[in-house]
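There are structures below to look over.
Look at the two complexes coming up: chain A is in both, with chain B in one and chain C in the other.
Up next is the complex of A and B:
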């Protein structure tokens, strides 16, 4: 594969890069849970949460705005939360009539909506940072240590390894489709939606067969190299004192956010 | 960019902690069974195959086709994976796909991944295979028609489950989110059905042995038919109810202790469950959540036992 669009790892030499992947995974999950648990409109705590994130960005050596610049992927989904504005009882702000439906926007509803956006935005940034400072195979290894069943981690490892290869297949299939789809000026190209869907179906079937037959060859090659049902690694992860320490500091910081969030001053 | 996100991946922050954990418990329970079943049924040879198949579903989602007005459709693959690989292996493959989408592309959150796997991987595979299972042994034409229907229903099931989770988390208004999600996914589902049917037709033409009566996929028990029928029935009953009579569903959810009335307390830790006679205390919510899980697990176990007896006798 020529371009590494799927590799989200940014190599570097930093504290976060060196940290044991288990610590990074656990801290990320705790951070996301913490965001969900912070009450609506706890703006101070949300702000501090973001500061924490910026600090982590700085420690990663990738630049303080690294995760911020990439954090707008989840925005389209915000549409689903818009209805929260109308669904939560509170003081009415304005009314909106669509047909038979009367929508009443409430102040608590608006606060809920904004809080959901902020929570999602913070969580996405932490996840972005996690995969930027951890090579994907290490991440899979961390999940193995965290008791995710071996069959799942193995499937994910294969998925990641062959994603690049199969993407090449997809690109070839799409290039072939494009070169078949020449149009004469003034004529409509291709058939209707059903025809186009059938073309995609044939491409999908073709891709399936190529993948299926490739898996046979891969299995034989692996068998020839001594595969016995699980993937081995020479890279044994061990937790050092620093890993425990930094993990602990991160958890304490996140917990202190909740003191601010749940017991506002005054 | 090759990678096109699907509108069904819930990001973190959109589901309450209670619903997230509840979905994880359900997902882990079903996956545990799936792992046990596949470990028993498949040898070491199948593990690389399932990995490549996961990569196949992931890559197949990149093949898009223009629909209308600049939008394009692409495959989701839950039903297709289950039909080709059998229900349990299909579930594991879809789980891997959704996990990588969430981890690597932030397409879907981490804490809510349980819900995403449940909606897009487990439900789609179960209902897709369940409906397809009814026509095993029939003509290819019948198989293809039913596979198309199964693919469409699988997308609608996932969309309905997603909107119900959003509603139970207090993120969305029921009588808006359900019609909106189902409306969008009616079209997405048609695309899914067309591509699934065409892909299966291609495989029937070129490698019929892979989908024959001796294939892995034919080995799912008859219980899947029941599961598929039940899920379809639930979708058919719940969708209009949620769109037309949201108060009715609200009532049911309240009676089941599923839905928290909004509390004004600053420490709203588990904004999800409550047992009526215990009041709105954290303890009652935890108990209610636990009870719900136990009930679901009990029903599942009972169903599994009954179905096993039936398959043994036939």
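Up next is the complex of A and C:
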């Protein structure tokens, strides 16, 4: 029984699917950095950035609103930026009195907060699109080509490989618990909250122990096949002219966003 | 006109209308569209010990997961005369003791005692009763001196016995075991067979171990490709080499 909830790859035959994973990773990273570097309240540039994103969505063949529909999961994290409203000096908009504390919202603060919201929202969407059009092993492969330290790529690769095994294991544990969660007529069942919490704690502990022992077994199996601390791969990806071309086009488009953002017309 | 063959055996299965378990026309597809059960019907009576055999992927485990509502497909499942519905589920789970193939899934508490006590504690029984049930269940699987051991460090055979004890402590009406003899050494297998023989309770046991079936279960049900293809006397079915071969089984 395989749990595929974590696999975000959507197979397809589009231009974006065929592009070399390195290009996709680099363009995504540049896009994210570009969003971060755009000045606060550069709404036109943010809008263009979004258009670029929609264009990429279209090229992916997954539908123009693909990343939009999946982007809201990350929004709660952006709320961490809510403190910006009160901590950036500027013209006071309104005051809140909470006990002895006075919170003052400023206009620059609000602009900063909204800009951070838009930046993170755009960046998350591009990342969503990246993992949707690139199979995970290719992604790791791209990181290796881009000289990301092997220890990091190895950890990520193993995480991905065994995440599924782990969720399967959790599912089976919960299923076994459910099978024995019975009720007798006339008895209040379920135990108290503390007892239930302890059972969950025990299950978590068991899961940790098993994962720990599994990692030992896996490592032994790797050693048995001659592992010496490096994962070797066949370098199957080669950059074609089209890859260079599309990568270049994307970078130029992103740079021109900054012209708009930093030197607003008028 | 149907021809009635005279049985070579003078032993017959008792008439059974399914007072312990009645399954009728059970169909089930997994969420990915793969259909695992195509209309399965099966009756089990008080004291019946039935073997469920068939190749991997025949739907044996899927069928077993229906017996206490972990999975639910179309059709009817009756346990002890009670229809399996969402409301009856908690009560039915006390009547069906489902033991998973991998005892590591079954044993999720640090000590043997806590694991065997989980079912009774969840039922809300008083402490004295819980302790009594745990001792009784461990006695039944002859593992009384293991009650304070860590489940994590037991051998496979010991884990299997404890896994059976964890459901016996709920005093089920029917024991449902998924491949209990898989992965056991001959001695552990032998003691498991003796244990299953001595347990005075109805059971449905899925297995690939036909030698065990021959020894232990008077009735055998063969499943293949989501259907029950044969249900009858073990001695008769094991004699039918054509049937066995057609469903990937080997005569022991």
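In this text, the second predicted complex is superposed on the first by the 217 of 266 C-alpha atoms of A that agree within 3 Å, B and C clash if a C-alpha of one lies under 4 Å from a C-alpha of the other, contacts with A are read in each partner's own complex, and residues count from 1 in each chain.
One rule holds for everything that comes next: a residue touches a chain if its C-beta (ideal position, glycine included) is under 8 Å from a C-beta of that chain, and two chains touch if they have at least 3 such contacts.
The shown structure was predicted, so the numbers you read here are calculated from the model rather than taken from an experiment.
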Report for A:124: first if it touches chain B alone, second if chain C alone, otherwise both or neither. first
Quick check for you: in the superposed arrangement, does A:199 touch first (chain B), second (chain C), both or neither? both
If we overlay the two complexes on their shared chain A, which of chain B and chain C does A:87 touch? Say first, second, both or neither. first
Who contacts more of chain A, chain B or chain C? B
Between chain B (first) and chain C (second), which, if any, makes contact with A:18: first, second, both or neither? neither
Name the contact category of A:8: first (chain B only), second (chain C only), both, or neither. first
After superposition on the shared chain, which partner residues are touched by A:240: those of chain B (first), chain C (second), both, or neither? neither
Just to be sure I read the superposition right, which of the two partners does A:157 touch: chain B = first, chain C = second, or both, or neither? first
Between chain B (first) and chain C (second), which does A:166 come into contact with in this model arrangement: first, second, both, or neither? first
Once the shared chain is lined up, is A:69 touching chain B (first), chain C (second), both, or neither of them? neither
Set intersection of chain A contacts, chain C complex versus chain B complex: 169, 173, 199, 202-203, 205-206, 209
Tell me, which parts of chain A touch chain C in their complex? 169, 172-173, 175-185, 187-191, 195, 199, 202-203, 205-206, 209-210
In the complex, the residues of chain C that touch chain A are 65, 68, 70, 90-95, 98, 100, 102, 104-110, 114, 118-119, 121-125, 152, 166-167, 170
Quick check on the complex: what are the chain A residues that touch chain B? 5-6, 8, 28-29, 32-33, 35-37, 39, 73-74, 76-77, 80-81, 83-84, 86-89, 101, 108, 112, 116-124, 127-128, 131, 136, 139, 149, 151-152, 154-163, 165-167, 169-171, 173-174, 193-194, 196-209, 211-212, 214-215, 218-219, 222, 227-229, 262-264
Taking the touch rule as given, give the residues of chain B at its contact with chain A in the complex, in rising order. 1-3, 5, 7, 9-17, 20, 31, 35, 38-39, 44-45, 47-56, 58-60, 62-68, 73-75, 80, 84, 92-93, 95-97, 99-100, 102-107, 109-111, 163, 166, 170-177, 181, 191, 194-203, 206-207, 210, 262, 266-269
